[in-house]
Each structure stands twice: as C-alpha cells, then as structure tokens.
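Which chain is which? They are A, B, C, D, E and F, in the order written, and residues in each are numbered from 1.
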Amino acid sequence: MIAKLKGQYGSGIHEASTYLGQNYMIVESAMIPEILQILRDEEQFDYCVDITTMHYPEQEKQFEIVWILYSFARNERIRVKTAIADGEEIPSAVPLWPAANWLEREVYDMFGIRFQGHPDMKRILLPDGWKGHPLRKDYGIIQQDRDWVQINLGIESGQ
Amino acid sequence: MQPVATTFFFYFLAALTLAGGVLVITRKNPVHSALALIIALLAQAGLYLMLYAPFVAGVQIILYAGGIMVLFLFVIMLVNLERSQREEQFNKQWLLGIIAATALGALFITIFVRGRAIFPVHIAAVAEESNTQEIGLMLYGNYMFTFEIASLLLLVAIIGAVVMAKKRI
Amino acid sequence: MAPIATIHYLIVAAGLFVLGVTGVLTRRNVVIVLMSIELILNAVNLNLVAFSRIWGLHGQVFAIFVITDAAAEAAVGLGILIAFFRNKETVNVDEIDLLKW
Amino acid sequence: MFFLSYIWLIPLLPAAGAALMFFFGRSLQKKTVSAICVGSVALAFVMACGAVWQYTHYAQQVPGKAYERVLYTWIGTGDSNLNYVTRNGSPAPVQADVGFLIDPLSSIWLLFVTGVGLLILIYSTGYMAHEGGYYRFFGYLNLFMFSMLTLIMANNYLLMFVGWEGVGLCSYLLIGFYFHRPSASTAANKAFIVNRIGDAGFLLGMFTIAWYFGSLRLTAVSQLARSGHFRIGDPIITAATLLLFIGACGKSAQIPLYVWLPDAMEGPTPVSALIHAATMVTAGVYMVARSNALFVLAPGSMKTVAFVGAVTAIFAASIGLVQNDIKRVLAYSTVSQLGYMFMALGVGAFAAGVFHVFTHAFFKALLFLGSGSVIHALSGEQDMRNMGDLHRRIPITHWTMFIATFAIAGIPPFAGFFSKDEILWQAWSSEGGAYRLLWLIGFITALMTAFYMFRLMFLTFHGQPRMSHDVEHHIHESPKSMTIPLITLAICAICAGWLGWPHSLGGSNRFEQFVRPVFAKEAGVLQSEGAAGQVASGKKEEEHTNPLEYGLMALSVGAAIVGWGMAWRSYRYAAKGYNEPIAVKVPALYRLLYNKYYVDEGYDYAFTGRRKVLRTRLGVMGLGEGASWFDSHVIDALVNDAGGMTRLAGTLSSWWDKWVIDGLLVNGPAVLSRLLSYPVRLVQWGLVQWYALVMVVGLAGFIAYYAWH
Amino acid sequence: MLDYITSYLRSDTTPGQAGNILWAVVYIFLIFAGLSVAVIAMNWLERKILAHMQVRLGPMRVGPHGLLQPIADALKLLIKEDIMPAEADKFVFWMAPLVVVMTAFTVFVVVPFGATHAVTDMNIGILFMVGVSSLSVLGIVMAGWASNSHYPLIGALRSSAQMVSYEIAMGLAVVSAILMTSLNSAGTGTLSMIGIVQAQQAQHVWFVFKFFPLGMIAFFIFAIAMVAETNRAPFDLPEAESELTAGFHTEYSGFRWSLFFLAEYSAMIAVSSIAVTLWLGGWLRPFSNSLTGDTWEMVFSLIPGLSFLAFAAMCFLGVFRMPKHRAFRMQTMGLAGFGVLLGGIGLLLFVPPVRYRVQDIFWFSAKVAISMYMYIWYRGTFPRYRFDQLMKVGWKVLLPLGIGVLVLTAGVGVL
Amino acid sequence: MSFYEETTIHKRMDATAGAAGSVKTIDRTSHLELDHHDKTFLDTNELVINMGPQHPATHGVLRVILKLDGEKVLGTECVIGYLHRGVEKIAEHRTYTMFNPYVDRMDYVAAVSNGLGYCEAVEKLLNVQAPPRANYIRVILTELNRLASHMLWLGTHALDIGAITPLFYTFRDREEILKIFEKYCGARLTTHAFRIGGCSYETYDGFEREVVNFVNFVTPKIDEYEELLTTNRIWVERTKGVGPITARECVALGVTGPVLRASGVKWDLRKAQPYAAYSDFDFDIPVGENGDTYDRYLVRMQEMRQSLRIIEQAVGKIPAGPIMAKVPKVIKPAVGEIYHSIEAPKGELGYFIVSDGSTQPYRIRVRPPSFVNLQALDMMVRGQLVADVIAVIGTLDIVLGEVDR
C-alpha cells in the first residue's frame, strides 16, 4: 500500500515507516486531502479514530497534525502526519469522516488551527469568547483569560 | 337539598357572573379573560342550582368549565402572542358597537319591565329529586331526533377540528 | 328585598347577553371574540333554565343542546383559529377579511 | 352425499385460513399459523377425497355425469330487456353462477392439488421456519389454494376466470415474497405482466364463447358444441379456441409467453414446487382439456396447440441442458414437460396429456422440494457448480430425488414412463407425416430430459465436493417436516403411473377409463366427421396392441438410458472447475443455450423500449417514436402554418376589439356602475364584526318595532 | 340545642340532606383534618414502602422509623423561601395552587364514607365529583402557563391533553357502572354516590363482580384512567422529573409547592374513593352476602379494632427490636407512645356504639388504602410511558374498550 | 487473527445505504421523517429549549439545546466543556509516573480501564512487557470495573426512563465490586490500581475466593435486572426503535463500544487487537440488530455476563510469578510516539503519547470514547420526541469527565 502510494505521490510522501510496530507516514500538507481520500476510498480506512496536533515552537512549521485511521476490513491502524506553519489552514476531513467534526473543533480550540470547509468552526471545550489556545507550548499551565473570567464569572481569578 | 339564603346567593352569584363577563371583554391578556369566563360560568352553574336544575349545573361544570375552557386555554397557549397584547385591543367600530349593544340591552330591559305581568312571581315548585331522570326521559323521548342531530353535529365538529388543526392528514 | 322571581334571572341574562355582544362587536382578539360568543350562549341558557321553572323541563333540555352546540362551536372555531394563526401569525379579527373579494 | 353437497367448503376452508392470516396473522405465533393453514388445507384434502369417492358412486349410474352444485347466481338478470342476444338472435340471459362442478377431470385436479398442496404446506413449515413474514407466506399459500380450487371446480368460465386471476395474483405475491430483493420484485412483475397478456386472450376467448354460444356454463357449452350444430373448422370457434390457447400459453408458460416461469424461481422453493411446477402452471392444460369439445371443432387450433407444445418442449429442454442454477434447470424442465402436455392435447390425446399432468405433479413437486432441501442444506447455495458429493450427507433427499429423476426421465416402472410413453405413442399413431415429426421432437426431448436431469443429479450429489469450506461445515439433512413430504411424494412418484398401466403391458389403464367420459364424445364427433385418425380413442387401443408400440417403448427407454449414460460420463467425477462437454465441443451453441437463445434480450429490444440502437428505439416503442416524429414534424408543421395565418387575422381584430369595443362600449358602463355601487359595497366589507354590527342593529330595530306596536 | 346536636345522630340521612348545618360543618372539618392526616401518612408510607421495594430503609432518622419525617418536611416547606419568578404572571401564579387544592378538596363533599357519613348526598353526586375533579386541570394549566418558563409550559400542555383524554375513558367506565344501578324493579338508576352503594347493597353484589367480566373491565379501565388523571407513575409525564425536571410545578417552591403536593395526594384519595364507591361496594363490608347472621356481623364489627391493635402490636415489636442504647431512648419511647396511641384507638373501636357507628368508615378507608398501595406499587415497578404512547393507550385502547363495555352493559342490562 | 467481521460490516453497510464507498454526507434523514420543511398550510412555531447543564437527566453538566416542534425534536446542539480541566496540558508538566493517577479522573466510573490504557501505552513506548500474573490481575480488575460501569449505566438509564427501582438494585451490587477494589488498593472510585510495568500490589489473601463469590453472587442479580426490564412492556415500548443508528452511520461517526455493537458490528478491541491477557480467554462479543436503544440495552446486559465469564476464567487460571516487570526507576522513553487503545466500557479509549526523550511526555492525547460517541446524539434524536432524547443520552452512556477532560 505504502509502495503504491509512494509511486503515485513520490515526493509528497516524505517518510513512511513503522515504529514499535505501528505504521505512520509523513505527508506534504498540500497532498493531505488526496491522500486521505485515497486511504478512505481505496484502502478501506473507514474509521477516523482521532485527529490531534503537536506543537513544536522551535520548528519553522510549528504544528504537526496527526490523523489516526483504522480499517475494519484490514484490522490495522495508520497515522498520517503533516506539518504546517502557524496561521496556515488545512482542509477539513469532515466530508470524509463526519467523526472529524468535533475532533477538528477541539484541535482548533486547543491549538488555533483552522480547518477549511468545516461546517461549524468554533470552540468546543472552552467558552466562545476565550482568548488563547491552551495546548500551545507557549501557553502557561496556570495562564488564563483574566478578562473573560472577570466579566463572565465576576471573580478575580479562576485559580 | 334546599337552597339557603336565596336572596343573598342570587345577588352574589349574579354579581359574580356579570363581573366575570365584564372582565372577559376588558382584559388584555386572553388567559385572564378565560379565567374570568370560568368564574362567570361557575357562578352561573350556581344560578342553575338555585333554579332547581342540578343536572344542567353539573353539565355546565363538566363540559363548560372542565372541557371547553381547557380547550380555550390550550389554544391560547398555542397561539399566545406578545404582540397582540401590545397592540390596540379594540377595533375601529368599537364606539358604534358599544352604542348598538347598549341600545339592545336597553330594549331588553324595557320589554321586561313592560311585560312584567307575563312572568309569574311565584314559581311553580319543580321536583328536584327526579330532575335528572326526567331530563333523561325527555332527551330520549320527545327530543330523540334532536339528540341524534346534536350528536351528528358533534361528530362533524370533531372531524372539522381535526382536519383544520392537523398538519398532515 | 323582593323575592327572587324569574324576571331577576332574565335581567341577569340580558346583562350577560349585552356584555357578550359588546365583546363580539369591539374586541380585536379572535380568542376573546369566541369567548364573548360563549357569554351570549350562556345568557341564552340562563333564560332557558329560568323559563323551565314556569313551563316545564323543555328549557333545560334545550340548555343542554345549547351547551353541546357551544362545544362544537368552540372546537371548530378554535380549529379555524389555529389554522389561521399558523398562516398569518396573528389573531386579530380585522385581519381576517378573506371574505372580501 | 355429505361431501358432495358440501363441496363449496373445499375452496372455502383455505380461504378462511387466508382471511385469518391477513387479519390476525401478525399477532399469531408461528405454531398457530402453521396449525391454521396446514389444518385448513388438510381438511380441504379430506373433503376432496370424500367428494371424489362419493362422486364415483354418484357417477356409477350415469358414467361421466358431472355433479354440479350451484350456490347462487352471481351475475344474472331475470330482466329480459337487459338480456343480450346471441349471434343467431335468440335471447340468452347473461348468467354466471357461483357453482361447483365435479367430474372426472376436476376430480383428478382436485385430488392432486389438495394432496400435493398439503404436502408442500407441511414442507414449508420446516423450510420457512426461520424466515420473516411467516404468516404472510402461509396466508398467500392458502389464498392460492382457494383460487386454484375455485379455478378447477368452477362450473362456468367466468368463475374459472376468477380463480385464474386469483392464482395469477398469488403467484405474483409469492414470487415477490422477498420483496426487498430487487430481482424478486422484478421477477414478480414480469410474471404478472406476461400473464396479463395471456389473460387478455382468455377474456376475449370467453367473450367470444359467450357471444357465440350464449352461455358460459361449462356443461352447457360442451353440450352445445357436441350437439352437431357446428361444423368442424368453424372459423369463430377456431378464433375462440386460439384466444383461449393464448390464455393457456400465458399461464402454462408456452412459447412465446414462457419467459416468466424461469424467473419465477426467485420465490421461495416451496412456492416453486407448488405453483410453478405442480399446480398453477397446469391450469392452462386444464382449461384446454376442459374446453376439449370446442377444440375438436377447430382442427387448426389443435395443430397450433400441438406444434407450440412440441416446440416449447424441445426448446426449453435444450436450454435446460446447460443451466447451472439448480432451480432454473428444474424450471426449464417444467416448461418442457408442459410442452409435452400440450403436444398431447394437440394431437387429441387428451387423456394422455392429463395423465402426464397427474404424474408430473408428483415428481416435479418432489424435485423442487428436493432441490429446496439441497439449498437448505447448503445454506442458500443454488449454483450446481458449487455443489457435489452430497449423497452421503443428505441421503433422504438424494434417494427421493433420484426416484423423481427416474420418473421424469421415463424409466420404467416409475410414473413418468407411463405417461410420457403414452404421449409419444399417441403422437406416433396420429396420422400424417407432420405428426411423426412431433413424435421425433418428443423423442429427442426425452433424450435431452434424461441428460439434463441426470446431469443435475450427478453435479449435485456426486462428483467432488465443490462448495466453500464454511458451507460444507454446515451441511445437514433437513428436518422431519421436510423429509416426510419428500418420502410421501417419492412413493407417489413411483406409484402414480401404475394407474395408467397400459394395455400393451397387460394393465388396464384405469386412469384413462376414469377420464374417458369427459373426452369420449369428442372421439365420436371426430369419427363421425371423418377425422377418425386424429384421436386414438381408448377403445381402439383395447382392441389391438400394435407391435410397433413395444418398439417405441423400447426406443424411449433407450433414450432415457442413453441420456443417463451421457450424463454419467460427463459429470461422474466433476471436480472444481469441471468442463461442460457442450462448451468444449461447440462453444457457440453453448453460449446460445446458456443465454437462453437471447429471448429475454429480444423481448427487451422489441417491447420494453429500454434498449436503443444509436438514438432510435427499437421494436414497439420505436414504432411509436417514429409515429411521434411524423406527427410533430409533418402534421404539426401543416397545422402551425395554418395557425400563423389565423394569428395575423386575430391581431387585427384584437386591436379593434381592445380599443373600440372594450374601451368604449364595454368598460365605459362598468366604470360607471362601479362608481354608483360604492355605497352598496359597505354591506359586503368582509369584516365579520361589521356584519355582526349590522345584525345587532337590525335585531334592535326588530325588537323596537315589536315593542312599540 | 342538645336536641339539635343529637338529632342528626338519630337520623338516617346525611347532614346536608337533613339541612343540619352544624353537623355539615363538623363533617367538613373532620374530612379536612382526616385528609390532611391521610396525606401526611401517605407521604411516610410511600417513602417507606418504596424504600422497602428498593432494598433500602427509607427515612429512619426523624422519629422512630422516620415517623416524624413528613412533619419535618412540612415544617421545612413552610419556612422555605417562597420564590416567584420575576416574569411570572403574579395573580395566576398565586391562584393556581389554590385552584388545584380547592378542587381536590371540594369533591369530598359527596364522598360517602358510610350510609350517613357524607357531608351531603347530591342527586348528581357522581357527575359533580367527576366534573369538579376535572377542574383541577385548570389549576395545572394555570400553574404551567403563569410560570413563564418552557418546562412548566410543556408540562401544562401535556397535562391538559392527558387529563382531557383520559377523562373520556373514565367517564365511559363510570357510566357503565351507573347503568348497573338501574337494574331494580322500578328501573330507576341513580347518580347519587350513596344511592350507588345502596344499589350494590340491594343487588347483593359489588359492581366489580357484576356481569362478570364487564364490571371488572370497567373497573380496570377506571383504575388505569384514574392513575393517569392524577398524574402518577407510569403516567406521570406532566411532572416527569427526568425530562421536564418537575413539569408544571418546576418554578414553585415552599408552601405553594406543598399545596400542589397536598392536592395531588388528595386527588388520588378522591379518585380512589370514586372507584371504591362505584365498584367495590363503598362502605359495605366484604362477604356481606355469604357470611350473614348476627355472629358474623359481630365478627366483622370487631375487625377495625383488631386491625388497629395489630398495628399497635407491630409498633411494640419495633420497640423490642430497637437497639438498647442511650441514643435510642427517645426513639424507643416515641415508638412505644405511638403504639399506645394506636392501641388506644383500637380499644376505643371495640366500644359497641362506636364500633357500629364507625365500621362503615373503616371499610371504606381500608378499600381506599388498598388502592393507594397500588399507586405506590405502580411507581416502584413501571418505567414511564412516552407521551405519544400514553395518548395511544388512552385513545386507542381504553376508549374503544370503554365504549364496548358500555354497550355490552346496556345490552346485558336490558336482557 | 481471523477477521471475519469484515464481511459482516460491509454487507450491513451496503444494505443500509446502497452503494459502498462515498460517505461524503451522512444521510441524516434516512430513518427520520422530518416534516418541518413543508410550510404549506399549517405550521407551529419552533420552541427552543435549553436542557442542562443542570438537568436531572443529562448525567452531569452536559447542556443540550433542543429545537422542538411541539414535542418533536428538530435538532440539537451539545454544549460541553463545563468540566474541562486541561488533563492533556497537565500531562505535559508531569513525569510519566506522576501523570498516572490523573487518568483515573476522566471516566471516573471506569477508572481502572483508564489506568490500564495509560500503563499499557507507556509500556509499549518503553518496549516493556508486563508479567503474566500482572496481566491477569489487570484483566480481572478491568472486567470488574466494566461491570461496575455498566451497572451504573443501567441504574441511571432506567431512572431516566422512569423506572426508579433498578437504580437501587444496581447500586447495591456495584457496592460489592467497590469493596473488592477497596480491599485491593485502598480506593473505591479513582483506584490508581496499576503501575507502569505491572501492578503495584499483590492480591490480598482470599482475593480469588472473594471474586468467585462475587461472580456467584451477581449472576442471579443480572437475571433479576433483566426480569425487571427486558420484557417489561413499557420498557420495551420506550426503548425499541428509539434513537436508532445504523452500522454505517456508527462507523462514519467513529462511534465505538456497545453502541457500535448494538448496530450489528461485531467489533471489540479485546478480540480485534487483544491486549493484556485477553487472548487467553474465551468469550463472545454480543451484537444487536437494529441499533436502537433496546438493542444497546441488551448488548450491555450480555456484556455484563461475558465479563463475568472472563473473570471466572481469569481467576481460575491466574499464574504465579512476579507482578512487576523490570522498569527503570526514572522512566525516560526514547524519542518517538505511540498510539495504544483499549476497549473501555464506553468504547475505544486511546492514548497517543509523544516522547521527546525526557522524563516528561512531550504530548499526551487521550482519545475519549464518550466525546466521540456524543457526536452521534444529534443524528440519533432528530425527529424523535423529547422523552427519547433522555433515553438516548442515557443509552449513549457518556461520562462528562471524559467528554470534557
């Protein structure tokens, strides 16, 4: 499968290998929609397990997005990864897997990455007016949106 | 069961009835109107009792107060619009209407006063104990046909109401 | 005070009738107009029952028929009202002028 | 005469069962459903046996006398004004009764319809035990029993038509039983539509008869036909019989209306066994046999029947040679055997044809039920390429099916031998070279029949196992409720033929003696008109047995054995991916046969309009499109040109009309009257409360008037 | 004066009919007090019975075996802050619980606890009862509407639809019972509550067993409809706590809420007494036909006292099973005191004049109590119906069944 | 392993939605009749109701905004996050060992499962194997925890539907499980039962006997629950056909656990990708047919029985030996990342751990089953009644601690 994909998108797939028995591949961000589409339609990865992100502030492309996919037919998982810079947008996977809806919203909520074509791109866990994206490495662990807390909760600090 | 303090109760119930009526046509909020109407209806049931018509009184309570008015309240809640309460409550012809209605009332009173002689003061005593039974006999005897027509009317009303209020038949 | 005779009941009924007529003629809210009609019917009923003390039970029987009628009228009237409200979002009677063509 | 006087109960019992199912079936337990349905049919069977037994007593006084019982007049007028006039001017009341008729012919049908039906119902309780819509299925089956019994017991054509349509409906419902499967519903539609074509023929034929004979009552019609008033070859009778035959073609799946029957195998297997093999499809045979008095008056029709039957027989048999679906093979075999029956009818051997119907009912039902048992054992597998080596796993099915195969192949002393041989002999002994050709076709068909049946057996039960591992794991013999009917039917398949043990083999051919009264008179008619050779009556046969007959008998047995041998050679050791001998030798022929001569495709091209060549539709639809093109381009163009001229004239006239007539003369007064009428409009303002106000003012005025006067 | 007081005791009619205002007021007071006590007892009983059904103990802290729990609850409710929502319609909001309570109490005017033990005997008694109890829906609708909140409004709508629907089935069942009263030689039926019981007495059969199974079916229709009428499980949709938090009384608290509570329980008792009157022979003792004679009269007249003594015995059993510890001293004493109270009542009931005067009331109350136990049992057993299913049961099952029973009863009665 | 589920799924998926392949948009109207579009003659206005966050039937602080037509639901929107505690952020500031107790606080009714998933994920990242005895103890405790979770679900679900009695029965029996937990590790709810590399405690004396006693005690109790509900007419009417979801929709929405199985998909991570010692045991995966609330109920009841089967087997053949593998004092996995998931009582619970070679995880992502399952709520309740929303929230078996983390 990997070989076939590599043949098709030679330069788009940077790396495809196995770590601790788990397959993953790193893909050029522009290739993402096509690769995901193919994985779903042709390779039967019909179940989107999770979508999440890592933040590497020291890299040029700060965010690494991970799609964890699973195929019922093959009983195997694959991780698709790509890196994007801050402020860059990435196409949404909702048309492929409706399950991606909330997962992408959570990524947006926590990291501030917007997904193009998502039907309802807004915060999910934090309140709508909140400022900042807490899972970024530059967001302190006790940091909070003081203004929001004062206005909405009427207290000085949420801690 | 003999009515006690007839005169007092008559004036009390009559006042209640009329006050209820006034409230019905003057309240802004239809729910209040409906409640006033219920009071009027219950007071009227009392008047029926005083007229030795317990069955009609019972029917008045069970049908009017218990049935029709619940229907009214139900509908009012369905169509309750704040807007209609803020708007003008009386239509353009209200003055004309009041004049006409008052004239009509005045005529009634005139006729009653002029024709007082027709109505006897002493009311013939009616057996209250068998009231229900006699009404029943009449309904199923003399008024059999009317009774059937009334039932048909109700049937038609039911069907009509269902047809009109149901979204999809 | 004079003993309560039939005429007293008739006068109460007349008052109720006039109130009902006034409501029908002047209010804009259809629900209240319908309730005013109920008032009119009740005035009639009161008359019927009052007279039944003089001329036998026929009046009471008719009162029952009138109540039946009132039920039918309320059902149909409110049905129309709901249908109308769903179409026009209003319960004002002077906006119900579909008869004017 | 208890049973005879209550014969109307026979169809009514299943009908009651069906009604119960349709009204309450949903809430009933499966056990209750089976009890009601099987019970009602069993009762009907008992009643039928009783009725036939009593009928034999009844008929002893006057042999062949039909017992009729009219319940009430269904359609009929005593009003002579409404009566209608037959061809020769005599008034004939339009009358149709609800009445039942028992004579030898209907007794035979009665017996095997209820008997085989009962067995199949019992079988179904096992076969359908795990299916949804259990009550629906049994309701349909009971409704079918009711319709079929109405059909065969009707005493007039109209009631027969009721049954006829009823069985058509039930067939449709049952084929489409798995209605969520697109193929099943398509097949059901196909069966229904094709049958409608035939039914139209039947209807027209019936009208013709009503018009020509002035009656629809079966006995009356045959009496009239036998009275000698009509000459042989009467064109109207020929037309009527041909129309009736079209109906028979539809119901009994003859060329060209046979296409629905193979597809009908989409229904559950018991249905295939009951309706599409044993009972319903023989309705056409029944109808033709029942109308024998008419047919013998129309030699042209007889020939048509014979040839259509013969061609159908060989045609379907040839398709059956190469089919792989076990039920499909049996379906084509049914078509082929029905062709046999029609051939027999066509050559005037009515008794032989009916006899074949009788024996065929047993062994074909047995074959279908056996195949159902095989399918059941293989968890739904129907393709013979994926079977093999089942004879040790499901021995009962194997042995019973083998008996049926012997029977259908015509190996003595199994049932099929006697009836088939009788038909062949009758065909041979009919006069004329063309009839010898019929015999030849029949003979070849017999050979083919033996081949494909033994092919089926060897592929299914012998050779190497070819099914998938999972399926093989689950093979099991069917439950008792399924095997017991199989065994019963197997016994019947052996013994049913002995009823017609021919004279030439020292028997007495009791079967023919039994039915002879129904047909005997025709022989007389024919003989008196000089066409004696057409019918080989029983009497003639009794007198002398031709040595040739033994030869033919030997030949046909030989054909069966040769077919067996060929199948043995080709399929004895069939392993996975075995070769079809025909496919190897003559691939073109194989493709032709495998695709069933492309008849379905042909019909598709010709009638449905779904297929096109380039942009033009073919067939009937193509004609329509052509006509439509002509209409829109030629006719319409003429019309349009004429229209253009008219429009010009109209424009001119409209100008005049608009400004002078309307503007001045018409609108002028209208505007005036509007101005004048404004005050009156106040009365009709459309506001309810305004009306009420007016009413109140009026009331006040009224009261005031009376108060002061 | 004394004559005036004792005149009623010797009469064989109800005070209302006798025109005896004094005794009527006394009765009204007694019924009001008795009803309040009954509601309090019901509160305790429901919690205990439900708890034991659910393998737990229920209230155990306030008073011995939680006997004082309802009183504590009542106190809590009385001193709780009475909240009125800001946007509510003040007057209607205030009126609603009063309307509900008034209707629930008014019906007891005609409930016959015995041949003479009713405030009055109206000749349209059952009509009055059904009519007035149907007015309580007005109060519920008012409460729901006046709260100006979604959940109460939905609760009110549900409640009005439900009560109007089930009233019809209920009415049909009632009418079939009334038809049975007219099976005497004169052919005169009665609507009077006392008359209905007397008809059962005269016909020597409780109507539940009359025309078996017609009476039984009518009774069951009524039994189901009455559960729905009182908004109890499994028909408690107007106040379904898992869907509408508390339905029409979501916004009520404190004293007003306790009025709803009071009204609900008195309505349950009221409809139960209708059922008892119409079908279960009202105040008639069981086996009054088979076990006759003075001896049996005597035996049955002892049962009230005996049952109270049995309650007292249970109390004393509880006293002995109490832990012997200082902390439980108050509780033990309280329970013993309660037992003494019950025993005292029991002994009082053995005094012949009391005994004969009171046994009617006892039998009536015992039958009502059984019906109340059924209410609790339903609540412990059934899940809640969904609204459309509820309507289905009302209109498609009970209504046709009721009509059928009515027609059949009329037919059988005529035959 | 033989993956015979494959055919089942695809057959069912094809059957439900026609051609396989494109799942572009879920056909949300496939099983519903939404008639709020036809504004032809009559139309009532819509009513928007705010259910929660303080509502007795939303199991915590879920807030559902319902759009109603009368009592029919036109649409819903879930508002979550009221219980958000930033577990994933906390993880980045704790060592691997220190983070272990935190996971118990997510799905607090199935804390043992959470701990199992986390420990196994870290073990995988370290390339360490827990010893067999530890694995058996893990299986026993996890299955007991699954039982406890299902019992809690059953009680609250029944309460939502109006049957109050089962709640007390299930709480009574769940208490026995909690007693075992308490005896084993001192805690009842947030147990922190496992350590990275194995278990920290040896089983106490009589552990096996008590577990067996518990199994014998609880088996008839489950029959008792079923007796109360399974054939109860009202219960069946309230649950059958309510909140249906097809296998295809489940897969598309990522719904896992009993909800997925009730739709007919025979997929359970314990079988599909066995972890701990599950490959040693013989148990069935119960599946439903219609994917409605009733089937989900039946599936969970069956799962409880299967859990008992597993526990019985595990206790029977629990091996002797060490309970901890050799794990370095300071856990410092190599640079790399791992995804490991287990079958929690609510569905697939996954941990995605990224290590940068230090003692603290660079990133831990938890894939919570409740969070993903809750997405399906909207689709399941459209066109149903308000009362069904309650039933469906109950049957989804969500825990807000896990949804919000």
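Note that a contact is a pair of C-beta atoms (placed from the backbone, for glycine too) under 8 Å apart; a residue touches a chain by one contact, two chains touch by 3 or more.
Predicted model only: the values in this text are computed from it and were never measured.
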Least hop count linking chain A to chain E through chains in contact: 2
Centre-most chain, if every chain is reduced to its averaged C-alpha atoms: F
Highest contact count belongs to the pair B-C
Take the average of all CA coordinates in chain A, do the same for chain F, and state the distance between these two points in whole angstrom. 24
Could you tell me the distance, in whole angstrom, between the mean C-alpha positions of chain A and chain B? 70
Interchain centroid distance [CA atoms averaged], chain D/chain E, Å: 69
Report, in whole Å, the distance between the mean C-alpha point of chain B and the mean C-alpha point of chain E. 32
Got the chain F residues that touch at least 2 other chains? 41-44
Contacts with 2+ other chains: residues of chain D: 689, 693, 696
Multi-chain contacts only, two chains or more: what residues does chain A have there? none
Spell out the residues on chain E that touch chain B in their complex, using ranges where they run on. 16-17, 19, 21, 89, 91-92, 95, 120, 122-124, 127-128, 130-132, 134-135, 137-138, 141-142, 145, 153, 156-157, 160-161, 163-164, 167, 188-189, 191
Chain C contact footprint on chain B (complex, rising order): 6-7, 10, 14, 17-18, 21-22, 24-25, 27, 30, 33-34, 37, 40-41, 44, 47-48, 50-53, 55-56, 59-60, 63-64, 67-68, 71-72, 75-76, 78-79, 81, 83-84, 87-94, 96-98, 100-102, 104-105, 108-109, 112, 116, 119-124, 126, 131, 134-135, 138-139, 142-143, 146-147, 150, 153-154, 156-158, 160-165
Quick one: in the complex, what on chain C touches chain D? 21, 24-26, 33, 93-94, 96-101
Mind pulling up the chain C residues that touch chain B in the complex? 1, 3-12, 14-23, 25-29, 31-32, 34-36, 38-39, 42, 45-46, 49-50, 52-54, 57-58, 60-61, 63-65, 67-76, 78-83, 85, 89-94
Complex contacts: residues of chain D adjacent to chain B: 689-690, 693, 696-697, 699-700, 703-704, 707
